[in-house]
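Report on one structure; see the data block that follows.
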C-alpha cells in the first residue's frame, strides 16, 4: 500500500473536521500531497466518516488519475489537484461546508480581518472568488472551481494578488471554503480556525455594519508572532 | 404485526431527527408508506422518543384510518396521508419544528437557494405556503395544512408549479417544515440538510440582505451531480 | 421531613433546567406549592446543582418564612410566593436567565406569537413587565418584581389583562423570565419551550422585522389542541 | 516546586475555560499571583490543555522574568504581570478569545449593562480600550496591551474612571477580553459569565438597536446583592 503515513494523516485530518463540528454527514474532504512522488491521497466520495480506514483513501496523481484504490475519490478531487499544481508550497487541502464560512461565501463576501484571532492565521482578509460563469459551470466545473481560486490569488480583476502561504484559505462564491496548509493536520487546523474567525466576523458585522479591520501593523505583528522567523508563540 | 421492516425504518428516522437536534421533546414525527399495500406507518402522538419501539408505531390506511396499533397516531397524520395521496413518488414524510427552517416559516419566507449545499438537495428555493384562512383553520385543519402544501406545489396564486421530487420540502406559514423523500432515511436526511441550509440562508441574509441566489446553471449542475442519471457523487 | 414527594419533584424540575441548557452555574430556581398545607418547596440559594439533594430544598410558608430547612432559600423566594398568592391556579414557578428569553426581557420586548410552537403553549404573546421604578428597586425589590408581573397580567397601563393559566410566563424587563405551570415538571417544561419559542422569535424578527403574528384562529386552534376539553394531542 | 497549590488552582481555571467552551485549541490562558512572594503562576504557551499538569505551569516574578519552569510562559505574560502591578486588589487574570466578548472587542464596542445577569457581576458596562497605535504595536506590544487596559480604567480620553474591582473585565479593541478576579476560580467564573452576558447583549442589540441599559438603581441593587457588605445571595 502506497503512502501509509500520509493516508493516516489525511484520515486523521478528515476526522478532526468531524470532531470540531465542521462537517454534516459527508460534506467535506481532506487530502494531502507527497511532492517527491507527485501523488495525492484523498478521501473517497460519500463514505461515512465512522467507517473510514486509511486503506479506503484514494491515491491519485497530480492530475487526479487514480493510482491506487478501489473507491471513487472525492468529487472535488480536481479542485484539490489544481491547487497542488498551482500553489507549490502547500502540503494539504481541506474543503468543508462549515456554517459561517459558507454563509460568507453565499453572501459573496470576503471575511474581513477584524481581530487578532484572524491575524494569527490569515495575513489579511480571506478572499472570495468571483461567481463562476455558466460556461465554467457547464464545462469542467470542479477544475474551474480551482481556477477561480487561483485567479483570485493571482490578482484577477485588478484586485491585489495574495500570497497563498500567507492567507491559506479562499471562499468559493455561492459554494464554501477551501483551506490549505503545510500538512494535513495544519490544513484541518486552519479550517477550524477559519470557521471560528468567520463566526466572530459575522457577529462583529451584525453588531456594527461599519466595523473596521485591524491596522496593518497589528496584522503584521500577530502573523509574524506565529509564523515569522522570530515567532514567539508556543514552545518551538 | 404488519410491516415490520417499515416500522423499524420509520422509528429509526424519528430517532435520527432527535440525534441531529431537530426535535425538542416530542415536536416532530416521521412516517413511511407501503405503496403496494396502501398502508402508512407513523409515529404515535406525544410519546417520548427514548421509549419508542417499532411495535408502538401506528399503521393507518391512506386516509389515516387506523389499521393496526393501540396508540393514537401523530396529530399530524392527515397532513402525511394527504401528501402520500397527492405526491405519488414519495415514500416517507417528516415533520419537525427545527429552529431555523421554522423561523423562515414564521417569517412567511421561502428559503432562497444561496449555495451548493442547498442545490445538492433542493432544485430551487424551498417554498412557503400561503397562510391558512380562518375557515381552513376552524375546519379540517390538519387536512387543510396538507392542501396548502399541495396548492403551493401545484402553482396556486400564479406562482410557478414545483416538482415535489425535485424540491422535497415545504414550509407551512406560521408553522414549520414538512419534508419528504424516497424512504424514511432519505426524508430524515433531507430534513437535517434543510435545517443546515436554513441556518446558512439565515446568516447569509443577515450578513447581506441583498444576497442573490446561485445561477440556474449552478442549481442544475449540483442537483444533477447527486440526483441525475449521470450522478458523480458517492460510490453508487 | 415535610413534603418528600414535592421536594423530589422540585429538585427534578431544577435538574431538567440544567439538562436542557437553560441554566449557567446557579442562575435559576424552581419551586412548587402544596396548596392544602399552604407550603412552598424551593431550591436553596447559590448551591451547585450537582450536589443538590431533596433534603436541601427549603420549605417556606406562602409569605416566604422558613418552615423547614437549614439552608437559605433562593434569593427570589419573595417573587415565587407572591405569584402563588396571586395566581391561585398554579402549582409551580420556575425562574431562569435562559439566553433568548432574557434577551427579549433586556430589550423590553414581549415575545410575539409567530407560530404554532408558541401557540401550543402560550395563548398569545408572552408579555414583558414595565421597568421597575427606583423606589421599587430600593424597597422590597424581590417582592416588587412579583408585583410587576401581577400588574402586567391584571392589565395595568391600559394594556389588556391576561389569564395566567393561558399564558404561563412573563418576562421581567431588564431581568429575565418567570414561568409557571400546574406542577414542577410542567413549569420546567414550559420554561424549556419558552426558550425555544424565544429563539425562533428572535430569528424570525431578525430575518423580517415586519413579521406578523399568527391569526387568532390559529392561536385558538393550537392552544385548544393541547389544552382544551377536546385536546387531540398525546395519548391522554 | 514553588507554589504547589496556586499551580493547581491556575491549572483548574484553565480547564474550566475549556469545559465551558471559551477556548478553541490553545487560545486562552489563566494566571494567578502570590502577593506575599511577588510571584505569578501562568500557563505555558501553546501547550494542549489535555496534557497540562501543575508542574508545567511557569512561575515568573511580577516583571514576567521566569523564576521556575522549563517551558516558555504564555505569550501574553507581560499583559498579566502589568495588570498585577497596577490593579493591586486582583489575584488572578484570565484571557480568552471567547466568541461573543471577542465580537464586541472586534466591533470596538463596550458591553452595555442590559440586565441583572450583567449587574450581578459587572457594576456598569464592560469597557473597550482604544485601538493601539502603530508605535505601541511595533514596540513592547504585549506590555502596551496592558497599558491600554489600565488607561481605560484610569479614565483616559476624558472617559470616567472605572474601579477594576467593580468591573473585573476589559475588552481590548480588535483583540479579545481580559478578565480578573480575587483568585483563579473567580477570574475564570467571571470570564464565563462575561461570555454569557456578551451573548445576551449581542442578541438584545440585534433585536432592538435602541435598547437601553438598566437603571443605576438596578445596577447598584444587584451588584450589592452579591458583593456588598449585606450580600443576600448564596449561603455565605
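We just call them A, B, C and D in the order they show up, numbering each chain from 1.
As a working rule, a contact is a pair of C-beta atoms (placed from the backbone, for glycine too) under 8 Å apart; a residue touches a chain by one contact, two chains touch by 3 or more.
Nothing here was measured: the structure is a model prediction, and the numbers come from that model.
Chains that touch both subunit A and subunit D are absent from this assembly.
At the interface between subunit B and subunit C, two copies of one sequence, fewer than half of the residue numbers in use appear on both sides, so the contact is built from largely different positions. Summarising the inter-chain layout, the chain whose CA centre lies farthest from the centre of subunit A is C.
In whole angstrom, the spacing between the mean C-alpha positions of subunit A and subunit C is 47. The mean-CA centres of subunit C and subunit D are about 33 angstrom from one another, to the nearest whole unit. Residue positions of subunit C with contacts to 2 or more other chains are 206. The part of subunit B that touches subunit A in the complex is made up of residues 114-117, 189, 192-193, 196, 199-201, 203-204, 206-208, 211-212, 214-215, 217-218, 221, 225, 232-235.
Residues 24-25, 27, 44-47, 71-72, 75, 97, 99-100, 102-109, 131-132, 134, 137-138, 141, 174-176, 202, 205-206 of subunit D are the ones that touch subunit A when the two sit in their complex.
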